[in-house]
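All chains are identified by letter, namely A, B, C, D and E, in their written order; residue positions are counted from 1 within each chain.
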Amino acid sequence: MTAVVVSSVTKIFNRGRTDEVAALSDVDLEVRDGEFVSLIGPSGCGKSTLLRLIADLIEPSTGTVTVAGQGAAKARKEQAYGIAFQQAGLFEWRTVLRNVELPLELRGLSKRERKARAEQMLALVGLEDFAGHYPAQLSGGMQQRVAIARALAVQPPLLLMDEPFGALDEMTRERLQSELLGICAKTGTSTVFVTHSISEAVFLSNRVVVMSARPGRITASIEVDLPSRDDAGRQSPAYFDKITEVRQALRGTPAAASSPRSSESAAAGTDAR
Amino acid sequence: MTAVVVSSVTKIFNRGRTDEVAALSDVDLEVRDGEFVSLIGPSGCGKSTLLRLIADLIEPSTGTVTVAGQGAAKARKEQAYGIAFQQAGLFEWRTVLRNVELPLELRGLSKRERKARAEQMLALVGLEDFAGHYPAQLSGGMQQRVAIARALAVQPPLLLMDEPFGALDEMTRERLQSELLGICAKTGTSTVFVTHSISEAVFLSNRVVVMSARPGRITASIEVDLPSRDDAGRQSPAYFDKITEVRQALRGTPAAASSPRSSESAAAGTDAR
Amino acid sequence: DQDSATPAPGGSGGALTPVKLQLQWFFQAQFAGYIAAVDQGFYKEQGLDVQLLEGGVDIVPQTVLAQGKADYAIAWVPKALASREQGAGITDVGQIFGRSGTYQVAWKDSGITKAADLKGKKVGNWGFGNEYELFAGMTKAGLDPGKDVTLVQQQFDMQALLKKEIDAAQAMSYNEYAQLLEAKNPATGKLYTPDDFSIIDWKAEGSSMLQDAVWANTEKLNDPAYQQQTVKFLTGTIKGWAFCRDNAEKCRDLVVAKGSKLGKSHQLWQTNETNKLIWPAPGGIGVIDEAAWKQTVDISMTTKNQTGDTVLTKAPEGLAFTNDYINQAITAAKSAGVDVNGTSFQPTTVTLTEGGA
Amino acid sequence: MKRFLYVLLGLAVAAALWEGYKVVGNPEGTVLFGVRILPRADDLSMPHLWTVLERLGRPELTGGRPVWIVVAQACLFTLGITAAGFVIGALVGLLLAVAMERFRVVERGLLPYVILSQTVPLVALAPLVAGWGGTIMPPWAVVSVIAAYLAFFPVAVGMLRGLQSPSASGVELMRSYAAGWWRTLVKLRFPSALPYLFPALRLAGAAAVVGAVVGEISTGTRGGVGRLIIEYSREATSDPAKVYTAMLGAALLGLVVAGLVSLLELPLMRHRRHVEVATL
Amino acid sequence: MKWARAALPPLIVGVLAIVAWELTVSLGRIAPFILPAPSAIWNELVEQRQNVWEAALASGENALIGLVAGAALGVLVAMAASRFKPLTEVSIPFAAVLNALPIIALAPILNNMFESTSSIPRRLVTAIIVFFPVFVNTLRGLREVNPIHQELMHAYAAGGWTFARKVRLPGALPYVFTGLRQASSLAVIAAVVAEYFGGLQTGLGSRITSAAAFTAYPRAWAFVAGACLLGLVFYLTTLLLERLAMPWRTRLIA
């Protein structure tokens, strides 16, 4: 079965207002069962929007989204996916264990059951010793691992991640990438992974989907087949080739070609902090 | 002449207290005139500490720091360096132009002079059209460019940067890297550049200095000589080789070797957010 | 106004001596005599330029006097004696009010007519040092003010009594009692009358204490110039009060002109009631009556308030009062043709209008 | 503008509640278990709003000036006292904050007492300062001192937080420019503190009004609304609407002061983010 | 050790201030009817400890009831306002208006509306004064929900009530306590000052004024010291509650 099917989806924010934004235009995407797909593209190209459409956090303007063979809304209500964001987004007033328990709690699992499951998940990400800690007592990398454990807690067939390692330093990042791959392999989860990092996308994915902005659309879909996904893989020529290929696909987008700064100064209005 | 000489420097924070930290231990470093040196290493290895020692923002416990042939304190008072941090740290109540003018103001330049110089710097980073904007109206990448312009405003012989692109997405980052290289080449500035990104370090530097933690020390110093520092350079085998070499130098550090998580869980105490 | 060119009999001629008098409260007819003496030029005749300082909730006149920020102060005797015990060097040089004007007012139908009836009742009380007559009265009647009654902080109005929240309210004959009579009885649509209330008069209960007196700085009283000035000040004061005895309506107008927010009929009532506290003055206005003084001091030393504190811990030391100056002033006033005894004084009947307007 | 409409709406709702309660409420209040849990609704305790408005138009005393003029003048007088107290308090608060920012020891040693100072009830303070009037300062200035005593506190605490708000890198940047403490204060700390200062000033404004009103009452200063409140409340028995006119004046004063303080920040807070300060 | 470092500077300042005060009074021969010496106040405090204690209990009870009522109301109204947008729009400026009013001056009116023989009016004054900081802070906390938490709970298909209970309320807790901290000492001041205007004569306020009227300043200041201590107790208790309620907070008073 197909994990995700996005067909002819368009998303327009603030339709009919002066600040109307066409975030996604006519996007088609399929994620096969067990597949690891990365979304990459310049800031504002609609990666997060696409992910949130799949998660049914927003609704498409036109087109349909199917998750595990059912409508996205139904899938969400059945917790058919786990989700993680760039900010770990842990609940600071809950211990690590109770953070991981939260989705189980909302599913109505018994206290004993959810404790067992949460502990199992923490073991998976190697944090069994920190169950009683509060998030503020953990480093950024550890927090992100808890967030992943939480996303996996309901053992969903699909994992959605929006730049989960974006805030980490490169070395921690590489370690977590390897761990994530291990977990996905072990659990057979399909994954949609948003990232800004070309090397990360290439290292993790079976397929890298390259997007361009204004309006957001998919411009390339690059299959990746590394000899191995470990340190050796990171040094293989195939890896470097794919990195170059993705970079060129990104550069090839019309927006970046027109002027070296245009996309950024245009982004100033929406992307300002 | 040598831009920076750090010799036998040790830095211990909170000496004699229970929370004593040996941040740097017996560090020697020389930066030649016009050289671009990157510092890389795991979180907490003392990269920022070393940079702040050079900037005379803190003082070494033992050892000496010389900048442009004079003591670090004297160099600071003469504004012999420009500095930029991960957070652009612009003053939100000043326009872009007046942010760049700030160091000139403190140097006592006349109004006309500093306006001229600041405009020139903004042109250098390609933001001449945004002189009258306030920082909040700019994207993150543009803010960081203003911060660089500000660091360069006094036309210092030395540029110190602490993960200046750490908060940007990879594509913006690559663009700014190229721009920075262009500026450094044009102005002949020596640069000490702290980063977490292996590829960034390799792409930018004449030399990558690898550090390890607890106590912080320099474990390797890798000369980099890419055929060209542009998109072609990013695809050259020399580039990928150096990346692998730096990665191995980093992995080779005892801290990382002992246990996959040890450095991180140990960091939890100091690094917690 | 009186012609200010009239040569001052006792004055050294020429420039007037500036004198500050600290009052206890806002301008009202309680201080009509001083206001009149200023307005009618009685002080000027004496070579004094008197400035009246208004009081306030936290203004303690005798402290102001002791600190040298006023030359004389009007204060109730027990409060001033307490300040003396704390080191304030002040002396009572003229006991203008010979009688106390403090009532405890209750509804007629409550059956409260004497202090003993207050047992178990809610009793209004101003605090601010105005409570000892009440406490002495209750103590005398065998009640413990701390236990046998519920004391309630009374406001500046009489609503609490009118709404029967409290059973008896503290009232000055010249002020709060009038407020009761200025209020409309919702049942009849007419003003309340004295028949609606019963009054416990502390004078009758034997627990009254001396009230408004002129206090002077003890130390400065050693200075002949200040002595002279005190006599002059008291002379002017006597003339002022005598004027108000004989010209109540004129005094009312003077007080109103001073910016009091209370209405005309109210101020006339107050002038009249104040006169009753002064006149007739058999020993001459302002002369301190030893018996009344002793009663005041005794009560001050023995009566405990709800926290068990007495006003005084020991008998007043030093020159607490003297009749030297008031007697000289009386002589001076008499020789100017002023009736200082008011033997023939007859209070008028003042008709209060709604709100005292 | 929209805010203003909302305030009007809120006032209308409050007025409707008041009159509505007068219609349905028990004139004697609702007593439950011996405790009056709902207020009396009779005209003596809660006069009709129109009675109050109408009272504003009538003379204060027969033949006197209309109440509204008296109240307005009193408000103006109190506004002056408030302004003086506000300025003194803000300055003292500022200086304290700067001293505490400059010297850690001062902060450690003083801050607890700055907080403690606000637990001293005015009732205790007033007699102490009441005597200052007429000697070292005019009597009205004593009231300003009391107002300042309440006003300095939020400024000191808010400003301290503000001065400490710049990031470490901002401070290091100034150090890298070889800027001393003073220049760092002027160029970095002070501008950074503005978003903290203005909310603190608004609190200080409100506190200064309270201080002025209470101070007038306690020191017997003539001419202001505080004095009017107490003088009119003596007539509450016979003229209940009158107290409310003075209260209305005090409320108006509070609003005007809040408005004026907000005006202060308009030119300075453009391009600035707003923060909320937590004092204490 | 750490405690000593934190406690020492204020202690030193306090001791120095008291010594300076004592010396000023005794060397400057300042009469006790102007400014009493700390030693005199201390003596009174010892002598009157029973009275101070009882008065503090009375005022403390009023302050506590006002605080609890005002805080509860503040939290409830903030919850309602955070649920219904229009209510927020009306309530924020309105609360600001309320805060700008010299509420203490309301006391005489409340005394008439309720009854001056009960403690209701002064508790009401306290509650109104407490309401503002609690309301404003809580509302801010309730509105400042981390957008990630919002999306997460949406992803978990959590309902409105679950969301409020599991995210909004605990997330707002630090803000609630910020408000409570400000409110705690305000409550004591309000309760004491409100005694100025009527009601039962049992509390610190009426003791202070009564003593001051008799120029018994050492006694007045003994009761003032009682009021300060009461305020401190309220403040520290709130701080302690905050600690207990939020064990995940490593630092207090951000």
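To be clear about the criterion, contacts are C-beta pairs under 8 Å (C-beta built on N, C-alpha and C of every residue); 3 or more make two chains touch, one makes a residue touch a chain.
These figures come from a predicted structure and were not determined experimentally.
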| item | value |
| --- | --- |
| Partner chains shared by subunit A and subunit D (touch criterion as defined above) | B, E |
| Subunit E reached from subunit C - shortest hop count over touching chains | 1 |
| Chain pair, A-E or D-E, that carries the greater number of C-beta contacts | D-E |
| Relative to subunit A, chain with the most remote C-alpha centre | C |
| Distance from subunit E to subunit D - Cα centre to Cα centre, in angstrom | 17 |
| Averaged-CA centre spacing for the pair subunit D and subunit C, given as whole angstrom | 36 |
| Inter-centroid spacing, subunit B versus subunit A (mean Cα positions, whole Å) | 31 |
| Rounded Å distance between subunit A and subunit C, as computed from the means of their C-alpha atoms | 86 |
| Shared-contact residues (touching 2 or more other chains) in subunit C | 57-58, 60, 63, 67, 155-157, 159, 163 |
| For subunit B, residues that touch 2 or more chains besides their own | 136 |
| Contacts with 2+ other chains: residues of subunit E | 34, 108, 112, 115, 196, 209, 212, 217 |
| Each pair of chains that touches, named by its two labels | A-B, A-E, B-D, C-D, C-E, D-E |
| Touch list for subunit A against partner subunit B, complex | 42-43, 126, 130, 136-143, 169-172, 175, 196-199, 231, 234-235, 240, 244, 247, 250-251, 256, 260-261, 264-265, 267-268, 271-273 |
| Parts of subunit E lying in touch with subunit D, wherever the complex brings them together | 6, 9-10, 12-14, 17, 34-35, 89-91, 93-94, 96-97, 99-106, 108-110, 112-115, 118, 120, 136-137, 140, 178, 181-182, 185, 188-189, 192-193, 196, 204-205, 208-209, 212, 217, 220-221, 223-224, 227-228, 230-232, 235, 253-254 |
| Partner subunit B, residues of subunit D touching it in the complex | 167, 169-170, 172-173, 175-179, 183, 187-188, 191-192, 194, 271-273 |
| Residues on subunit C engaged by subunit D in the complex (per definition of touch) | 25-26, 53-60, 63-64, 67, 69, 155-159, 162-163, 179-180, 182-184, 256, 259, 261-264, 354-357 |
| Subunit C residues touching subunit E - in the complex, by the definition given at the top | 57-58, 60, 62-63, 66-67, 79, 82-83, 86-88, 122, 125, 127-131, 150-157, 159-160, 163, 165-166, 305-309, 311 |
